[in-house]
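What follows is chain A paired twice: with chain B in the first complex and chain C in the second.
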Partner chain A sequence: MTEVTTLMPATKKAETQANSAARLGLWLTLPAQLLVLFIALFPILMQVYISLTDWSPLDGIPWWRAYELWIGLLNYTDLMADSRFWGALWRTLFVMLVCVPVQFLLGLGLAVLFVDDFRGKRVLYSTLLVPMMVVPAVAGYMFFMLFQSGGPVNDLLSFFTSEPVRIAWLSDPDLALIAVMVADIWQWTPLMFLILLAGMISVPQDQQMAAILLGASWWRRFFTIVLPRMKSIIIIALAIRVIEIFKIFDTLFIMTGGGPGVATETISVYIYKVTQQELIWSYVAAIALAILIVLSVVSVFAIKRMQRGQDG
Partner chain B sequence: MSEIALENLGKSFGDFTALADMNLTIANGEFMALLGPSGCGKSTTMNMIAGMLRPSSGTIKFNGLDVVDVPMAKRGVGFVFQNYAIFTHMSVRENLAYGLRAQGVRAGEMTKRVQAFAELLQLEPMLDRPAAGLSVNILQRLAIGRSAILEPAIFLLDEPLSNVDAAFRAVMRSELKSLQGQFGQTMVYVTHDQLEAMTMADRIAVMDHGKLLQVGTPLEIYNNPADTFVARFIGAPGMNILNGRLTQQADTVAVDLPGLGSVALPPALQAAAARLTTPDVLVGFRPEQINAAKAGLTMHVGFVERIGARTIVHMEQGAASAKAVLLSEVETPKARKDWTFAVPDDAIRLLDPVTGQALVGRPN
Partner chain C sequence: MQRSIAFEAFRYAVILGIVAISLVPTLWMISMAFKPIAEWSAAGADLTWWPRNPTLDNFRFIFGQSSTELIVALERTAGRPIFASLLTASVGTLIAMTAGTAAAYGLSRFGQGGNLPLALIQLRLFPPMAVMIPVMIMWSFLGLIDNWFGLSLIYGIVTLPFAFWLMKTFFDDMPREIEDAALVEGCTRWRVFLRITLPMMRPALASSALFVFILNWSDYLIALLLTTRDWATIPVYMASLSSSMTGQLYGAKAALGVIAAVPPIIMGIAIQKHLVRGLTFGALKE
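And then the complex of A and B:
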């Protein structure tokens, strides 16, 4: 007991010292912190502000005077009832739910093939990464040409079915979305492959050897050693693709422009149209804010999972 | 239970010969240490026994059966990796059960055996703890248990103590030795640490540059090294080896060590010395067997290292250097002074200066 009491002042002193050091650190980093806060916080606050008004740049008043057009939560209640918004949101989710698993499985399969050495591996490896390096706009034009009714895709189908195929891929409301998803899978499977291969290579060899010596089959090793050890990298790869697909725009816009009708209109395309064609900026602010909230929730969830994966 | 026979075993990687013409029979239940510096071929040998590498030449037989074409999963070999290769994303229980589950053992039987092994290895209190973050001696026990639970006839251990700090190594050594006693399997233990080999092994196979140099019990190898490499490699510090010349003195042969003095050869070595065609010879003696004396050999003391119970004396004379290990209670020679010592008759070994081979006393 006496020991504790004699120790008390010393600890207090140390605490004050640590506090003053922390305060000095705060002062020294304050300019940078303010800058970061400004960059991150200011646009969001501005967005919240504008989303509560009916402001548009054509109204002839600067944005900070948008309160003159105050409409409260009207934009948000409109959004709730906006079937085009909900359609775009569900379409984006649908593209995500198809493309991310397909890209993941293809990437994982390729990673399994490439984790061992074989002849010509390096050439094939570089070739596989090419789609990722193609500018998305160029990829969009490539697939636009490929899916023309007189284009190579139909020629190929004609060759296999030995009768002339003339499918109007990009102007059929059901098929256009498929064409768009094919393009996304072509372009972004390589990224998934690259990340998953890196993860697979980092699985310790001796653990796999140990599993073989204990009599484990290839499948058992894959599911009990390789995949569990890749857990955090898999979560990272999936998170990257989920967030990216949520923002899918350039390839898709060049291929279909969101059409026919609204058949391929995703969230980004919808926002673009409302901003550029209908010029309802305050409404766009409300949409963007809603999506930011959704994405943040998803990201927080993913990061939490990731951390749990690293603990386990 | 298995006997391992390596017959003319060889392995080359391209132009590099990792192992040449190795012949070694490891008896059933024996603890055999493969000892040598890195690059001597010991790990290559073990990886071939395990089936991770395919021999370039020769055969490996378990109980007389050629196993070269048997895949590693089917050889019935337990392997303990240098870093134990514990599945750290699983619990201790899952690690122990991994092999049983892979081989389709029924759930009830599995639970029973895991429980029995956990009791044997004193892993019971931590069965459901994650394997990550356990201390090294528990990891070692777990690594051994994970293999032993499949009852392999042969156990291979690849330098399991090399990542452990020196103080803990003694604990691990005795634990490992007692585990081997419990399981009674044939154990092959690869190490570069002569102390580990000396303290644990029934027999030691000393290797260097892809060749097997000597096989014998620790004391055989310590007392009668087959050549200069083994003589210097075994013991800490290793054997002193000095250049000498045979001289005829009256009716006996002695060895003149230039600058140091001369030693009379014991009768047992007289005949061996007579077989040499040139008068040049290497004289070997253990640092521990030197005693201070009034007359004998004289060398200049460079420095004196005190390491507790013992004292190491570093000596030089011309091009020759030698060490002496004395008990701390004995009066130690002064640094930078000459010191005279005697080598007992039975401590003297003669080696051929050309081939490096010992002249007598090689075990058959």
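And then the complex of A and C:
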């Protein structure tokens, strides 16, 4: 009997303590939850509504009365036939397909060179990281200057070919895209390098030592031990770059403004132009929603697969 | 492990080559910032790689002092945009860190808010351009366009994923014994969080805050959409800094670029250890 009476209050106390902990946890997560709701739920509902109308801020009616300009799914059918949109999407994917592999291979190569110790490693490592810390808009301006027809890039080319080179990089439709990709590779190869090096260092040494004792060559060890062990890190690094290049705007917009013509117009630049210059906001809402839906499906699918991969 | 001298030579050659190339754009801008107007662009075939007559005129110019060579007067000087960048990035960091740290603690210790990790990664995934229409409509309705708080609030939300994930990994790493001991002593959980956990996490908080600040300071697109004049940040102001009379004001823009680029580089090097953790959402710790 005495045991029960002393136990009772103790369990009760533990219960209330657990309850208060749960409540505190809820309160602590509340601000973040509200901010996410605020930026996710409300804007998306608003986008769904506006995208079904022909509303623009110039119409002189507030957005909640946009139903007066109801056009149903017309914006979406327009989007399917919008060659400028598909062009921008294709261009964004092209930049991705060129830049991500180049950044990956350069980053991986540098990581291999940095994986063991050598004199001056720390200073060189920090110096290599500088580009990714430069404000992207400022990086865009740097490359804008470098690629001027009287700028240093042409100056170097003149030096090597010993005849005056006057290429108008940023006003040539083909070369402008190359210049933009050079800037992206310059700025974001360090990010690949940083992540891949961290991943490479975390590969355990024991298997490698065993392989060395067995006389496996460096290449063999790299491809059969190191790279497979880095698989999930490589996927993360590639995913980060793919996501970021899909959003590419700052550097590119400062360098070329999407031009000449539409030669460097990516998805973000296209949406920006329709928003600011043509002001067809209902159409922008439709584009944005289409992108959000596709990205959500892809991301949920990718994250599910990655989780399954980690379990197995 | 012993490597051959040939390999060491190869390694240094490649690394130094890449370091040199990667420094050129930054050095070019720094050099440009100190060049007088005559050396800004190639007159004829002669391009100045390093300023022959270094000058501080470009810096004076963007702060409103015109020199004999640069007689154009600026309509707006750089002081205000620099202040706008500082204020909005700081307040944005404060919002992200407050909400992010609280939520990270709530999830790490009490298992609440299990939906947040995925929701925040998805938030990071979407191009900001794709949610800006509703934000612009709401902001103009609330009078937050070209307003420091309007910009700060969006910054806080956009960088919340980073603040949350960074702090979550730091809380996950922190041993619970000290907190448990304080609880046994009779402290309330709230007091434990404020008086014991947060002070212990000071270095982690500082690194995360610097990381988030760099991201906010680096923004261009959001400020371009949400500010027009009074609260234009440095990149927005910089893009507007061309005059029809002088064409591109190379040196002046470069000077402004140096001012914009230096703080994040210093901060970034200071928190180098945690960069990987922050950029990979804590999937990798160094």
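By our rule, the second predicted complex is superposed on the first by the 263 of 312 C-alpha atoms of A that agree within 3 Å, B and C clash if a C-alpha of one lies under 4 Å from a C-alpha of the other, contacts with A are read in each partner's own complex, and residues count from 1 in each chain.
The definition used in the following text is that contacts are C-beta pairs under 8 Å (C-beta built on N, C-alpha and C of every residue); 3 or more make two chains touch, one makes a residue touch a chain.
Note that this is a predicted model, so its numbers are computed, not measured.
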Partner chain(s) touched by A:C99 [first = chain B, second = chain C, both, neither]: neither
Which superposed partner A:A179 touches (first chain B, second chain C, both, neither): neither
Which superposed partner A:T224 touches (first chain B, second chain C, both, neither): first
Which of chain B and chain C A:I245 touches, first, second, both or neither: neither
Partner chain in contact with A:L89 - chain B first, chain C second, else both or neither: neither
Comparing the two partners chain B and chain C, which touches a greater set of residues in chain A: C
Contacts of A:Q207 with chain B and chain C, given as first, second, both or neither: first
Residues of chain A that lie at the interface with chain B and also at the interface with chain C: none
Interface residues, chain C side, partner chain A - complex: 1, 3, 8, 11-12, 14-16, 18-19, 22-26, 28-29, 32, 41-42, 45, 47, 49, 95, 98-100, 102-103, 105-107, 109-113, 116, 118-138, 141, 156-157, 160, 164, 188-190, 193, 214, 217-218, 220-221, 224-225, 234-235, 238-239, 250, 253-254, 257, 260-261, 264-265, 267-269, 272, 275-276, 279-280, 283-284, 286
Chain A to chain B touching residues, read off their complex: 204, 206-207, 209-217, 220, 224-225, 228-229, 231, 312
Chain A - residues contacting chain C, complex: 20-22, 24-29, 31-33, 35-36, 38-40, 42-44, 46-47, 50, 57, 63, 106, 109-110, 113-114, 116, 118, 124, 126-139, 141-143, 145-146, 148, 150-152, 155, 158, 164, 186, 189-191, 194-195, 198-199, 201-202, 232-233, 236-237, 240, 243, 246-247, 249-250, 253-254, 267-268, 271-272, 275-276, 281, 284-285, 287-289, 291-292, 295-296, 299, 303
Residues on chain B engaged by chain A in the complex (per definition of touch): 50, 52, 72-73, 77-79, 81-83, 85, 87, 89-90, 98-99, 102-103, 130, 146-147, 150
